[in-house]
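These notes open a run of structures that come right after.
Presented sequentially are two complexes of chain A, the first with chain B as partner and the second with chain C.
For the complex of A and B:
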């Protein structure tokens, strides 16, 4: 069954231990990515999106749970085996100016993964670098430039080219748009859409930018305080958000309800997300939930599967 | 072309500094107590004429500015200078050989006693004055376990204790600096990027983290060599190494005392020469760092080209 999925993240938890306190960054999160599918992860800052993404591509080892990539549990691999798997899952990071090695030329940065994994001959690698640059829309004369000589959008293209160099099956994009200007965001988004269409690339797309997530994702997972509160196919989720948090997140701007009571339920969230050091009892969202009742303060709602791909964790759905 | 212009302006700046480094001690000695000024004043020479004489000492008419007419023989000066520099450079090399790997290890070691013990060791090495380290080493290796000569300069073994003493003090500073530089670099985004591509752990540490950290370490320490040279003067005296300290002491301490030849060589140029050499070493080090940066960090080269 799990072989049908490219990536199957099951009940993954990750706790960071600081000097005195512990941070529950991700708690029992599960998601699946099919071949060629794109899954978006949305949520407020600090909700654990990056941590979940990093666990999913083996950059962090989860405390609990399994991460199956094509049936192999990444959490059980040795470092060496993990390195071999990495070529199938590459990462595009938020800030290209720090994630690229600024001491290497653009060409060398894109070449690096090919060298590390000893792909092809010297000649083939050289050709591949220019192929990749063309694919991401970079003119070949930039090959000898240094990243700092390029604009933010161009640097992001370099990072995407570098991530594509090994022909990965899965691409983790962690806030790849947020460091860019709005017009450049649209260009990079268009590039990612093309890549998905042309290469059938699977993606984990983490972003604050809801419209971008909607355009790019087949499935959206909504995270809050380390938990996935709701998940579903993009059209379903947008048409019919079930979890109160999802409703606030997607609905509030567009559809203003008729009845006063319903309007009240949808006003912007009161207060802030609680600190991840002090996770509320019961449902993590109850402190800000417009419809919270006693049971929400006492009992953790179990994630329930409604229909295929739709999953909600709320007592009142 | 632009780089040549930069280099030329740099050299011009260095010449100005070097000229000042000759003029300053000369003028101070002229006006200092027991100096030429007081003698001329007692003979009733006017202040204006005295000032003109001071200027003439800096720029002796018959000799060029860079001619130091030393009273000590050039050979003995060169000998002393090289034992001094050998001590200083040897100690830096030894300190770096210890501090770079240890500091790096302290930075990448996540938990374990290493992380608490090492910084303490660095702190101890930093806070004990160099001469105390010297005494401890002499006690250990010349008295308790007499394998090394406590002083003198007649066999290569004599160099061991003074070099180690100087190095021991620097290991702390350098190790701490390397540690913080490496742990800072390890936080950089491109390190995670390298991990995501599947770069081996040791390659990440050696190539991606240590290289830039060593660069920052060099750029930080090279211009500070003057401090090290000062320490070397103390240690030379302590271990009776015939170096610049000895020469300096013999010549400068005789200033204005009117001692007969042989007791102290009253050589006012000696002071200027040492001053000049310190300035020269610091300037050359700075130049070296700038060149190194240009070679190793393309950003600097491109942005300032």
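For the complex of A and C:
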């Protein structure tokens, strides 16, 4: 049924228990990634983006729902079977200085996945490390350097090289730009775009940097308090956001005006995202929604699919 | 009228393997009532400029040269005790790191009262009353109740509001804001920026804001100073900067800024600046940006560019500021 999709995340929920309290991190989220497609997940901190991403690549086991990767339900695999699947889906994390082993050289860090999955001969692995370094734009002289000797952008390149080592089908990028300087962000983004084009890599791109998601994603999913409120093709979603939250979220990106006179008024969304300990009844966004009515406070809107491949969970769309 | 005048500011900081030349001769003015943005990447010397003006870069292995005059008073040569009377009272500071800027063991009300008591502005009960008003002013709901809460109970946006309340508690004439919205989500960033703008307008406060985000600068600043390698690359009114930025570094920053495709309808090509800012172990010989500049010629590596004055308010430190503006622009856009 899901043969057309590389990854099919269906109705996934994840609850964390902390000191007798429960946090609903992700609630009934569904998304699909086709081969070669890039899906962006956006939302504020605490909206459940990372938890959903981790469930999608089997780093977390969801409490409910199914995660099918090439037809296999990851939630039913044993740890050993899961490990075999992991070579097809690799992760690049936010902070390269903690994700890389600082006591191993750059070359050894990149070699690690090849050793774990026993790929090729010693000779072939060595050649592969240098190939990967070249692909991500790292000069071969860095192979013997330690990560802490490199800048943040270079370390992120090492992370990407390591993630590509096993030729994965899916790459999860979790806030890969946030720890980097502006000019370096643009460099890493350009690299990811090249990799997508050259390798046909599928991606789950999690970020609160909306312009970056716009550039890199074919489909965008908008999350709030653990739920996907809206999802659609990037161009359609940007041109015509349907959910009120999508609209305010995209409006909060500061455009560069032509001049001081052309500045748009800053229109902040009032209030704050409620605590995930106390999820509001009805629609999760109703406490801040400019158009909320009684029904929004009472009933949870069901996600509906509209004509243009769009999925929206709002009573008034 | 200028409320702050910085002349030839230089900062050196000793590290284990040499001396970092963080600021290498910066001069600029801050006009009363304006909103000045200091733009640049990490390592360009933005924050250290602010901190050294406030006398927070002092002690062994740290050397600050030059002059910084606040309302006619020279700050850099001032004794610590005298400086304490100005810091927090006449010049407020809002920092980036909302997680560490507040003391988690002290209720936030007490922290907002602290500067007023420290500067003996009023009695304790009066300070408590004012603190409640300040928390209301920065938009904390139910301020009386908030006074007893602790910073770890608050979200990042709320913490930044408390930090702003603390910074404006003594009614400073100038507010220094060091990347005040960088650690925040886009929706919260808009909230905090509009709050800062409201407060600055209502209190007629001069604001100097350090940021790496051109989007932020373009939306709130009246004027920008662009820093790189601890030197000023370009100074301009915001309109001149948006319309006619000349320095290759300014242009590179503008083109590496990701813009949404919503406005233009097309995905703008990403043109990253090659390389990254380096630590300066010696003052730069030529132009500090030369090694990353797409338009650099041999003279750029040899000689420091003099400052070209394009208008009353627009100055550019580039060898090719006047003649080749269009050529440079075509390289970056």
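A few remarks follow.
What we mean here is this: the second predicted complex is superposed on the first by the 299 of 317 C-alpha atoms of A that agree within 3 Å, B and C clash if a C-alpha of one lies under 4 Å from a C-alpha of the other, contacts with A are read in each partner's own complex, and residues count from 1 in each chain.
Quick note on the criterion: contacts are C-beta pairs under 8 Å (C-beta built on N, C-alpha and C of every residue); 3 or more make two chains touch, one makes a residue touch a chain.
Everything numeric here is computed off the predicted structure, so don't read it as measured data.
In the superposition on chain A, A:281 contacts neither chain B nor chain C. Once the two complexes are overlaid on the shared chain, A:57 sits against chain B while remaining clear of chain C. In the superposed model, A:190 makes contact with chain C only, not with chain B. Of the two partner chains placed by the overlay, only chain C lies in contact with A:272; chain B stays clear of it.
After overlaying the two complexes on the shared chain, residue contacts for A:22 are found with neither chain B nor chain C. In the superposition on chain A, the chain among chain B and chain C reaching more residues of chain A is C.
Contacts of A:90 after superposition: chain B is touched, whereas chain C is not reached. Shared-chain residue A:248: touches chain C; no touch with chain B. When the two structures are aligned on the shared chain, A:209 is found in touch with chain C, with no touch to chain B. In the superposition on chain A, contact of A:81 is made with neither chain B nor chain C.
According to the touch criterion, chain A has no shared surface contacted by chain B in one complex and chain C in the other.
Those residues of chain A that touch chain C in the complex are listed here as 44-45, 151, 153, 181-187, 189-190, 193, 208-212, 214-215, 235, 238-239, 248-250, 252-260, 263, 266-269, 272-273.
Looking at the complex, you find that chain B touches chain A at residues 188-190, 192-201, 208, 212, 296-299, 302-303.
In the complex of the two chains, the chain C residues touching chain A come out as 41-42, 155-158, 185-191, 193-194, 197, 212-216, 218-219, 222, 238-239, 242-243, 252-254, 256-263, 265, 267-268, 270-274, 276-277. Chain A meets chain B in the complex at residues 57, 59, 79, 83-84, 86-87, 90-91, 93, 95, 98-103, 105, 112-113, 116-117, 146, 148-149, 159, 162, 166.
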